[in-house]
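There are two complexes below, and they share subunit A, which is joined by subunit B in the first and by subunit C in the second.
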Partner chain A sequence: MKSGAEEAFDLIVLGGGPAGISAALSAARHGVHTLLIDESPMPGGQVYRAVPGEFRINSPVRLGEDFKRGETLRRALAGSAVEVRLDLCVWNVAPGFLVQAAGPNGLFQGQSRAVIAATGAAERLYPFPGWTLPGVIGLAGATILLKSQQMLPGRRTLVCGVGPLLYAVASAILKEGAEVAAVVDAASFGEWVSCLTRMASRPDLTARGARWLWMLRRAGVPVLYRTKIIEARGTDAVTEAVVAPVNAQGQRQVGARTRSFAVDSVAVGHGLVPGTEASRLLKAKQVFRAERGGWTAEHDADGLTSIANFYVAGDGAGVAGAAAAEESGSLAGLAAARDLGRLDAQRHMTIATAIRRKRKRADRFGHAMAEMMRARPGLIDAATTDVVVCRCEDVTRTTLEATIAAGARTLNELKSWTRCGMGPCQGRFCSETAAELIAAKTGDRAGAGQLTARFPIRPVAIRQLVEGFDYEQEVPSPALVPM
Partner chain B sequence: MSELRIRGAVERPTIVTLRVDGTEVTAHAGESVAAALLAAGIKRLGRSARADAPRGAFCFMGACQECVVRIGGAPAQACITPVRDGMVIDLGRT
Partner chain C sequence: MFDFAIVGGGIIGSCTALFLARGGMRVALLERGGLCLEASGRNAGTLTLLYARGPLLPLVLGGKAMWEDAPSWLGAGVDHHRAPGIEVAFTEQEASLLDRDMTLRRDAGLPIEIMSGKRAREIEPGLSSKVILAAHSPEDGFAASNLVGGRIRTALIDAGATVRDGAAVVGIRVEDGCFVLDQSGTRVKARRILLAANIWVKEMLGWLGAHHLPIRARVAQMIVTERTARAINAVVRVVSQISLKQTNNGMFLIGSGAGFNWYDDPNEPGGDLKPENVAQKLGIAVHAVPALANTRIVRTWHGIEGYAHDNFPLIGPVPGVAGAYVMACLRSGWSIGPYGGKLMAEILLGKRAERDLFHPAFDVKRMLAVEVAA
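Let's look at the complex of A and B:
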C-alpha cells in the first residue's frame, strides 16, 4: 500500500465491533459496495474480541458466550461481500468523504459516498492518588487481557469502579483460579435491585449477572457497595489499594473507616464514554446526554447525523451495550443503503420496522446498564490536589482548578492554558474529569463542551505518512532558467 | 511460563524471544508486547513526560498511549503490537 493509491467505495464503516459488522453486513446485503476498517488484527471490537490468530483454541466453550457471538459475526462477515481491512488505524475523516488510515502494513486512503462511524466507547476513569502507577489498569483493559490475551491482570486484583464490568472481570479472574481482593462498587446494592426490573427484557444477560454474583459469594470475595478506591500505593508498581465508603453521588463520606488491601493489580473503570472523534472531526452536531455516557453526535432513530450520508451506530452513538449495538448497526447500514439509492423507502421501512422492534428490547437492557455506568461526579473527590488529571502532560488538579478560578470555562480553554488534553491520548482520559472540575465551578457540565477534534485523531508517525513519497514526481523541479 | 497465562481454553504453540533493555524475555507468538511483558513481570514501560513518574500499560486497547515503547528503534504501542521473534524492545529511562 502506498499513500497515492486511493480506493473508492459506496460506504466505509469505521470500526469492526458488533455495530460496525452489523452495519456493513446490512448495507452490503442490499448491494452497497462496502468497506469495513478496524484497527485490530481481527474483527470483533472490544466485547467480542478474538483471541490472537496464533493461538490454537482448545475449548470454545471455555472462551465463553461473547467469544461465541464474536465468532458468529466474524463468520458472517467473512461470508459476505463486505471488503475488510484490518490493522488500520483511521487518523483522518474528511467531508465528502475521504478516510485515511495507517497501520503496520502501510497506509490506506479511501473515498466513499457514505460513512458509518461505529467507533465504540472509551472508558471513563476518574483519578485518585496512585492511578498512574504501573499495575493500575482500566476495567475494559482487564477484559481484553482476560478474554483475548488469556492473561490475568495479576495474581491478586482489586476490582473497582461502577457498572456491570466489575462483576464480569471479577468472576473471570476467579474462574481462572486467581484472587480478587475485593469488588468495590460505587453503586449501592439497592441500585442494582431497582435496575433488575428494567433488565428483565434480557433474562439471559440478567442470569449471567446472577451467576457472576454467586461465584463471588461462593469464593468469599468481599463485595463492597457504595465504596470507592481512594488511593493506590507502591513505588514502581501498585502493591496496596485503599478504599472508602461513598454517598449516592460518589463523594467520600467524611470520617468513615477506610480499608486497605494488598494487591498486585487494580482494575478500575467508571463507565463508558461514546467515542466521538470522527463525528467531531466532521463537525456533526453534538448533544450531551448524561444517561447515555455524555456527548454523542445528534442522530435520528437510524443513526443519521446532521451531515448527509454520515451515520453513527453502537456505543459511539450513545452507550447501550453490545446487543443493542448490533441492531443499531443494522439500522444504520440499512439507512445508508436507502440513502445511496439501493433500497426504496417502502422496502426500507418494512425491514427497519422489524429491526427497530428487536432493538427496543435490547435497548431496555442496555440503557439500564448505561444508567448504572453514568458519570458520578462525586467520585472525583478522590483526586487530591497534587494528583495528575491529564496523564500525558502531567497536569494536576491544582493547576486545572487554578485555571478555572482564573476564568477558564471550557475544555478548549483549559487545554490552551494548561496543555490538559494536548498529549498523545488527545484528551480521552482527562476530558471527563476536567469537564467535571469546570462544572463544579459553573454548574454547567454541557457548557464545558468538547475538545475540538483535529487530525490526526490517532497518533501516526510522520515517517510513515511520507513513506513512498516521490519528491521529484510530486513536486517537479522547474527547469533551470538562464541567469 | 508465567503464572499469569490462563491455560486450558487455548494452546500457545510458538515461543519467541524478545530482547527487553538487553535482557532476554520469552513470550508466545500472537501475544501483545504489553501482555508478554506483564507475564514476564515487567510492568513499568516508561516514565511520564514531565513528572518522570513510572507508567505502564493502562487501557490495553490502543487509546491511552501510556504503553508506548521503542520497538526496533521506533515508538510503538505495546498493547496493540504483537510480539515477533527477535524483537528488540527499549523501555527507555529507568
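Let's look at the complex of A and C:
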C-alpha cells in the first residue's frame, strides 16, 4: 500500500464542524500539535457550512447567521497552529490511534497520541412508499443544497418529519423564492410550546425560530401538526405526496382523513442520530439515550470515553446542536491538552469551568431540540410491507419482519440473515428502522444493539489501496505444507 | 433432562442438533451468541474440491451435495450458485505447488484438470494474463453463509429442538452418570453431550480432563466490495493466498487467512486485522482479476478458525468420558458442515457405524501426547 509517509501528531480531530474546529483550536492554543481532518472541501460542518471556494460572495448577510459564525471559526482556524487536511474521508481509526483516510488527492495515514471524534450526526429517515423516488431527499440533504449552493430541492416542496430542521428548511426555501406546499410536523403545537421555557436559555436561537414561523405564516404555508407523510407518488419522480394525522408516537390514526399535495419534491427527516463509527471501531463503551438521538460513546463531562485519550464532542456525543457543539468541542480539546501533559489540572479546571457554564445554557436549548427530534417509533408504520428498508441491498420490511419472527433479536443477526445494512452506507440509512422493527417485537430497543463497525467506515477505492503493488515483492512464496 | 446437549451453535452443532431432533431425541443447542454468527456465518461460502484433502474428501463431497440441495433438508435455500473453481499460479514456485497438490487430488478421483493460463482464461475471461498455471474444478460453487443462521433456527424449532442462545456455557460436570452444563448460571442436564464449539472446545475439553491440547486459532479475513457489473463467474483462488468470487448480487468477496499469526487465546485475534493486510490481499486479488481495481471496498470482517497441530479435525469420543463427543476445528467446516452433522447424528442415534466418521486421523487421543510449544 502506497499510503505515503506516516505523519505524527499529538492529536487528530475527526470532523471540521463546530465541535471539531473548537476542539482543535482549544487544544492547539495550549501547544498540542493538532491535525483536523474533514471530508468536505471547506471546514464548517453541516450547520456552519461554507460555500465553495470558487464562489464569489456578493452579500454575506444573505447567507445568514450560521454562515457568519462559520466564517468566524474558519478565520480562527486559519490563524491558528492547527494543521488542516480537507477532502479526506476517514476510513479507519485503529487502536493506538492510527488514522487512515482517502481523498481525491490520495491516501493519508496519521499516527497520534489522542483522538477527538467530532463526527456529527446522520439523519434518521423512516421509509414510506415512494421514499426512493427521485425528488425525495432528506432535510439534511436539502440544507446542504440550500446552504452551499443556494440550490432548491424543487419548485414546490413538501417539508415533513420532525424537529427544528423542518422550519429551517421551509424558511430557506421561501427565502430563495420557491414554494413550500406545507410543513408536515409529527409533533403537536403543544409540544413546541412546552419546550419554550428551556428554549429561553438561548433567546437568540429562539428568536430565529420565531422568524422562521413568521415567514411561513406570511407566505401562507400551512403547518400541519401531528401529521406525517405516508406516501410519495409518481412514476419517474415524485409528483404527489400524501399525509395523514398521527398520535404522539407518530402512529397513523385509524380512519383519519388523508390529504394530498401536488409537489415536485419532498424534503423529509425524522431527527438526527449521533455518528458513532469511530467510537465503535475503537470499541469505546456505548450507551443508549433516546432523548439524545440513540447510541453514543459513554463519556464524561469533557467528552472522555472509556478509552484513554479518546474523546467525543458535538452531536456525535449526543445530539445537542451547533451552539452546544462548540462548547463541548472546546472542553474535549482542553481535556486532551491536559491528558497530553500540556495543561496542568488546576489551570484546566479554571478554564473548563467557565466553558461549562456557557455550555449549560447552550445544552438546555440543544437538549430541548434533541428531544423534539427523538425517535418516534410509530412513524415506521408508514412503511408498508413491500417497502424497501435497506436501499443498498434491497431488503423489504416483510423480509425483516419475517426474519425477526424467526428469532433475530439484534441488528447484527438481522444483518447476517438478510444483508440489511451490509451495503455501501453501512446501515446509516436502515439501522434505525430495523432496530425499531426489532423493538416492536421484543419491546427492547437498546437490546437490538448496534451494528458491529469495521473498517472501512466509508467506501475506499481499491485502485488507491493497491497503487504500486508489486506481486513478486509483496507476496511470500508459498510454504510446501504436506497434503 | 435432555437426551443430548450440544455446545456450539455453528453449522456443525446446529446440523447435528437438527438431525438428532428429527430422529426423535430431546435436544438442547447451547450457543453463547447467535446461531451461525461466528466462522459458520462469516466465511466466504466457497464449496470446492480444490482444497479438500485426505480423509476429509468424502465429507467435503457429501457436504457440497447437501448445500446444493439445501431446500430438501433445511426447508429453504441459501443462495447456492454453481460456478467453476479455478486455482491460479503466478510464479514458478506457486505453479509447482499447484501441480503437486492438484495431481494428488486428481489421482484420488476428483474431476480436476490442470491447465495453462491461456486455457484458464478461455474458461474465465476475467482472469489476468499473468496466470502461468491453473487447476479447474468444473462443479464447484458457493452459497451465502450469512443466511444459514436464520434458516437453521427455523428448522431446529420446527424439529422440536430447544435453542438456548445468547449465553455461554462456562462449565461442564459429570454428575450421577449425566452431564450438568452451566450456561452462564442456568443448569442444563443431558445424558450425552457434543462439543462443537470450534476453537473454544480447547477450554471445554480441559473441563473434561483433556488439558492443553495443541489447538491454535487463526483469523480469516473477508473483504467485500460494493455491487458492480459482472466481471467473473468462477471462484478464483490464488495458490495459498486468497479466494475471490463475485456473488449473485454483484459484490466481490475476497477471503484469506494466509500469512496471519497464530493465537492460543481465540478471544484475542490481535493485530492481524490491519489495513496493510487488507491492501496486500487486494493487491493479490487485482493481480488475479484486474477489473476489481475499478470498484470500492465497503466492508471487512473476520472469523476465527481453530487448527489442530496437524490440521486435521477433532471428531469422535472425548477420551475417558463416556457419552461425551467432540466435533471441531474442521478446516473445511463450511463445506462439510451439514453432512458432518448428519453423520454425527446418525452415529449417535445408532443408525450408522462409527467408522463412517470417526477416522483415526481425527481422534482426540492423537493429540494427548503432543508436546505443546511454549
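We adopt the following convention: the second predicted complex is superposed on the first by the 464 of 483 C-alpha atoms of A that agree within 3 Å, B and C clash if a C-alpha of one lies under 4 Å from a C-alpha of the other, contacts with A are read in each partner's own complex, and residues count from 1 in each chain.
The rule we apply is simple: a contact is a pair of C-beta atoms (placed from the backbone, for glycine too) under 8 Å apart; a residue touches a chain by one contact, two chains touch by 3 or more.
Everything numeric here is computed off the predicted structure, so don't read it as measured data.
Engineer: Quick one: is A:285 in contact with subunit B, with subunit C, with both, or with neither? Answer first, second, both or neither.
Structural biologist: A:285: touches no partner chain.
Engineer: After lining up the shared chain so the two structures overlap, which partner does A:68 touch, if you call subunit B first and subunit C second: first, second, both or neither?
Structural biologist: After superposition on chain A, A:68 lies in contact with neither partner.
Engineer: So in the superposed three-chain picture, is A:92 touching just subunit B, just subunit C, both, or none of them (first/second/both/neither)?
Structural biologist: The second partner, subunit C, only.
Engineer: Based on the superposed arrangement, let me know which partner A:357 touches: subunit B (first), subunit C (second), both, or neither?
Structural biologist: Touch status of A:357: no partner.
Engineer: Looking at A:176, would you say it contacts subunit B, subunit C, both, or neither? Reply first, second, both or neither.
Structural biologist: First partner only.
Engineer: Is A:412 touching anything from subunit B or subunit C once the two structures are fitted on A? First, second, both or neither.
Structural biologist: second
Engineer: For A:132, decide between first (touching subunit B), second (touching subunit C), both and neither.
Structural biologist: first
Engineer: Between subunit B and subunit C, whom does A:151 touch in the aligned arrangement: first, second, both, or neither?
Structural biologist: first
Engineer: Which partner, once the models are overlaid, touches more of subunit A's residues, subunit C or subunit B?
Structural biologist: More residues of subunit A are touched by B.
Engineer: Once chain A of both complexes is superposed, is A:461 in touch with subunit B (first), subunit C (second), both, or neither?
Structural biologist: So A:461 meets both subunit B and subunit C here.
Engineer: For subunit A, which residues belong to both interfaces, subunit B and subunit C?
Structural biologist: Residues common to the subunit A contacts of subunit C and of subunit B are 393, 423-424, 459, 461, 463, listed in rising order.
Engineer: Subunit B touches which residues of subunit A in the complex?
Structural biologist: 39-41, 46, 51-59, 62-63, 89, 104, 122-123, 132-138, 140-142, 144-146, 149-155, 176, 235-237, 388, 391-394, 423-425, 428-429, 458-459, 461, 463
Engineer: Quick check on the complex: what are the subunit B residues that touch subunit A?
Structural biologist: It comes out as residues 3-6, 8-14, 28-32, 35, 38-39, 43-45, 48-51, 53-66, 68, 74-75, 79-82.
Engineer: Given the complex with subunit C, which residues does subunit A contribute to the contact?
Structural biologist: It comes out as residues 1, 92, 94, 100, 393, 403, 406-408, 410, 412-413, 415-419, 422-424, 426, 452, 454-456, 459-463, 465-466, 469, 471-472, 474-481, 483.
Engineer: Touching residues of subunit C toward subunit A in the complex: what are they?
Structural biologist: 34, 36-37, 41, 53-54, 90-91, 93-94, 97, 100-101, 104, 130, 146-147, 149-151, 153-154, 157, 163, 224-227, 239-241, 249, 259, 274-276, 278-280, 282-284, 286-287, 292-301, 311
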